[in-house]
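When the chains are written out, they are named A, B and C in that same order, and each has its own residue count from 1.
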Amino acid sequence: MKVAKLPTILVIVQVLFIVFFAIFADYAPSANAKYPENSKDADKGGADPSKNKLHSLYDMFQHVHVMIFIGFGFLMTFLRRYGFSSVGFNMLIAAFVIQWHMITHGLLHMATEHSSSFKIDIESLLTADFAAAAVLISFGAVLGKTSPLQLIVMAFIEIIVFVCNEYIGLYFFKASDVGGSMFVHIFGAYFGIAAARILYNSKVEDSKKEGSNYHSDLFAMIGTIFLWLYWPSFNSALAPGDDQHRAVINTYLALASCVIVAFAISSNSKEAKFDMVHVQNATLAGGVAVGTSANFMIGPWGALLIGSVAGAISVVGYKYITPYLARRWKAHDTCGVNNLHGMPGILAGLFGAIFASFASVDRYGNGLYEIFPARAPMENSTKLLEIQANFTISAGDDRSAVQQGGYQFLAMAVTLIVALVAGAITGFIMKMSPLDPVKERHLFDDGHYWETPSDFDEAVQFC
Amino acid sequence: MKVAKLPTILVIVQVLFIVFFAIFADYAPSANAKYPENSKDADKGGADPSKNKLHSLYDMFQHVHVMIFIGFGFLMTFLRRYGFSSVGFNMLIAAFVIQWHMITHGLLHMATEHSSSFKIDIESLLTADFAAAAVLISFGAVLGKTSPLQLIVMAFIEIIVFVCNEYIGLYFFKASDVGGSMFVHIFGAYFGIAAARILYNSKVEDSKKEGSNYHSDLFAMIGTIFLWLYWPSFNSALAPGDDQHRAVINTYLALASCVIVAFAISSNSKEAKFDMVHVQNATLAGGVAVGTSANFMIGPWGALLIGSVAGAISVVGYKYITPYLARRWKAHDTCGVNNLHGMPGILAGLFGAIFASFASVDRYGNGLYEIFPARAPMENSTKLLEIQANFTISAGDDRSAVQQGGYQFLAMAVTLIVALVAGAITGFIMKMSPLDPVKERHLFDDGHYWETPSDFDEAVQFC
Amino acid sequence: MKVAKLPTILVIVQVLFIVFFAIFADYAPSANAKYPENSKDADKGGADPSKNKLHSLYDMFQHVHVMIFIGFGFLMTFLRRYGFSSVGFNMLIAAFVIQWHMITHGLLHMATEHSSSFKIDIESLLTADFAAAAVLISFGAVLGKTSPLQLIVMAFIEIIVFVCNEYIGLYFFKASDVGGSMFVHIFGAYFGIAAARILYNSKVEDSKKEGSNYHSDLFAMIGTIFLWLYWPSFNSALAPGDDQHRAVINTYLALASCVIVAFAISSNSKEAKFDMVHVQNATLAGGVAVGTSANFMIGPWGALLIGSVAGAISVVGYKYITPYLARRWKAHDTCGVNNLHGMPGILAGLFGAIFASFASVDRYGNGLYEIFPARAPMENSTKLLEIQANFTISAGDDRSAVQQGGYQFLAMAVTLIVALVAGAITGFIMKMSPLDPVKERHLFDDGHYWETPSDFDEAVQFC
């Protein structure tokens, strides 16, 4: 019966998804022909087609979409014998997650908002892609060491925890994390690393198949560069007006300085040679590290500084920390997601907490309350009414800057702990034999999962 | 004189194109400095630069543009010895078609609208790309078996028929086909398959050169994923407001479910292995199958269902129908366009006809008349005036839902027949010896058409 | 101390950049939360978030961004042993330039506008990418023959000269060059060729490593096609309204005709075979050649004509002029930038001068003064007031068409001379031994600069 297990499960999953959507999902008003405003001309009180929500988000969405499928997919093709799985399983997992995230996210919001259905619009598509990023980061940690079935189970559990953790961070702690450096990057990285730790098999270290070849490294650069290019969209997609503009600029600058420093530290070796692993990954760390504070008033130089620090830490991570974690802590992290997403994510969280502790109306104007809604004055306070006379904001908790900084830190710490614990538990579940754990000889190898062309074994003769 | 034949023809063609454009083409008002509204400020009755038509369509156009040149171009590089031709001829054909389509489409509309010139704007560029898609789908069926000259002749004839067939479908049958699943996909697929049938050469089956290698399969995935990502733009580019938003959502969902089912069915084999041919192609079938009804109120679950069915049919097609067609019917379809464009296109047409038969004002509001203009009430009817009081529509034919469904079916059937007949005739023309039909030893081989690098023969030693 | 030289310099440079930004850079108002208009609702006199400058330029910027990093980066991977350096150094140089250009451009404008800081917005990001294009074009001329340190020095000097030359062209000569064919393409190409001439080493001609292999040619096509697709954005990004729309159409048409003619002339050889070098490069010449006049009223047929001529000249350049320059003039131009950027840039400048000499209000309406500000009537003239009654323009110099044509020509000639002289001087500086000139055996070879995978030497056995 082994033959039919994965196909059967995938088909059942898809049927259940269709049932869930049939019961609970509907088009949002701006995508729904039935909605009365869409049956009237704009000048007669109807919706203005040119102001449809689609227009303000669609391109940002497509940039993120490219990052998820081309970016993550090709970045992982650096493994010379695992390209089909990298780009193929990346696609499978992401297609699974974008449906499953809509359902879990939808059900949670139905529960908290006492609604009978969840509505789909372009923002649902965008946030589903963000959720896919978290799972694909975890995938990077276990790359080459898991069966498709294990990956589907991981994605299934991870999304549930992801949705809950993000909810806690955004609605309880009221933390600001515009680029998802905490809720996506820290979460995905440490969830994956914890799972990888539990799945650890000492045979992994001996595998001669883990490694790149000349052309697989070039394929990986397709992923790297598209991630690098569209990262400003990832960090700014959900911010409004000047916040969005600033998030684009800060992310762009952090990425630029990160490249310079990553190249510098990479070549600071005995032979003064650059390493493609660093270029493929560490050049992106600036985008993660600036993610939480991308819409803050950190100043252009602040963005450059954050990017520089991230580039340095990330390369050092690849050189020293990844081998150390594998050797000493049995946490084998195939793509080094700790260096690209984990540590830069923590950096982002720390910078976010620090900058938040100094954020003031002097420096942010009323934008302060857009970025940190909990800092807005209490309901019915005179201060709130004064602000609302000029600028539409909701009542908040009248938090001080330092309080907001504390909550930012708390959101990061909770995310880290939740990710580690949930990842470890998921690792134990993934280890169960019905999920077809990978045999030693199939590690980092497409041959067991894919029909391979006749040159496949030739392609790895050089190991 | 063989040396100079193709260059001479290409140069003559390009000179004629320039002459045609000089006589008949002009900028549309929104791209024409001479147009009086462009010489006034917006607040003095001039055109508002920020509302220029370019803005609403340019990004959709660029997404489709990427699909045509990167998507189709790289998807076809899966052939290990035919990568230069795949991506190169793809570019040549598309560059030919986008000019030739502007001319034929322009002349047809000049004739029907009694105008003395045709106007070029961003929409012309977009529809030219759609037309290129049809020809490139046909190219997929004959890939590796045709000379550049044969391809140019094919493109020349195909575009004339394409423009006429689309005109009949849109203006006589008043069928709705927002994503072009009928007029582009069915048309392109069966035109190409019919031509391939006529060009059939039993030696093709013996060629050891037809097949992929490890890296050519990864190059092909670049094409696949960009097609997958931007398909929502293809299906929604020409829809307005909420229709466009809905078309994006439906296409996105159909593609996601299609991936899950395509992977499932792909691995349901003796060895439980995935096949890259399915991942490269069948994952896209959902985008075709939802194309006609992408802007309909099919519900999010309806989109998932259509995508699932398409994924399953497409993989089954690659496994069983393509070999059967080649063996039994001598229709050798190199890329399996029947599975990616043909059958999913028919599915799209059938779903479109069925959903149209149930479409009602209850479910669509006045959007019904945007999607199915022929369902609008007759000129001067009370019903029309009532609707027009709120919502700008033109008079229609007062069709019932079932009538519209019938016309949808008719448009599909006519497209299928026109494509098969015109494709077969074109196949006979392509067979003529002045067009340099491909010799057996040059099948699926760049060597005859391209200066090849020194490692070229090495690159295929594994067959 | 060799080991630490490059890293040390890169880190010092990045630290200095951060200091410069800390002292001089600030967010532009539309990206600055502090700016009073961002603290008010739009209907209370505040800024309308949906009209933030980001929205009108962000997508154009991202298209150009893809051209710089994917386009130029992958285009240069055609060298079979130099792929890591091509795409990696491309990224390093561009990340360096986008920061350095903001500083130099910012300081120049601070000086001329007597301001105490320079402001960063999406336009700064876009123009920084244009500047990167110039340096990357020069990189193409010296590709494979320079150390990273030499490249950083080249970029450092080139940007200073670039900014000054562009300032002279735009503000003194008041030349129009919407697509930067003069200030970016001519400048970058001849700066690079002059540097390559000075760096000439006869051993280059003997190197067996200069050349492509089958897959490196396919990687290069990724670059080619993204450049080709997004070129209309490059040429139109900074134009308003109908000018932008026209620039898109003209560039698209010029690129389409260029493909046809480039393929034609490429295959007009003894063996009637296409050459990938031409397809990778000459197909893009139309985008350069139409760059100066992209927003002019050249007519659709004019765009096709320009593209055709450029395609022909470019292929002829690759076939005959590049070898001649290397042999006779010792100017070895690795990527043939003379054929893709140099000669087509001169063509653009000449067409621009000619078309400008015939531009009239009859043909352009008031758009004439948008495109050629110096042609606007003088301050306080009756003619100016008449125009301003309908259309907002600034006072100009009341230039005639022929005068404007003369200044267009002058801008081109000065750019060409400045580029050649500055490039030659830079070449001499690059030759200095502290900058680690490339040893003969390291020419066109990643091995000296990169940790290479185990198959690296295998990958070039076919030379």
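In the analysis below, a contact is a pair of C-beta atoms (placed from the backbone, for glycine too) under 8 Å apart; a residue touches a chain by one contact, two chains touch by 3 or more.
Keep in mind that what you see is a predicted model, and the values were worked out from it rather than measured.
A.B. asks: Taking all residue numbers at the chain B/chain C interface, are over half used by both copies (same) or under half (different)?
C.D. replies: Because under half of the interface numbers appear in both copies, chain C and chain B meet with different residues.
A.B. asks: Cα superposition of chain A onto chain B: how big is the rotation, rounded to the nearest 5°?
C.D. replies: 120
A.B. asks: Nearest whole angstrom, what separates the Cα centre of chain B from the Cα centre of chain C?
C.D. replies: Here the centre of chain C sits 34 Å away from the centre of chain B.
A.B. asks: If a residue has to touch 2 or more other chains to count, which residues of chain B qualify?
C.D. replies: 59, 215, 222
A.B. asks: Please name which positions on chain C make contact with chain A in the complex.
C.D. replies: 2-8, 10-11, 13-15, 17-19, 21-22, 25-27, 29-36, 38-41, 44, 46-47, 49-50, 52-55, 58-59, 62, 65-66, 69-70, 73-74, 77, 83-84, 87-88, 91-92, 95-96, 98-99, 120-122, 125, 148, 215, 219, 222, 448-456, 458-459
A.B. asks: Which stretch or stretches of chain C touch chain B in the complex?
C.D. replies: For chain C paired with chain B, touching residues are 51, 56, 59, 63, 80, 211-218, 221-222, 225-226, 228-230, 233, 240-246, 248-249, 252-253, 255-257, 259-261, 263-265, 267-276, 279, 283, 297, 299-301, 304-305, 308, 362-368, 371, 390-392, 462-463.
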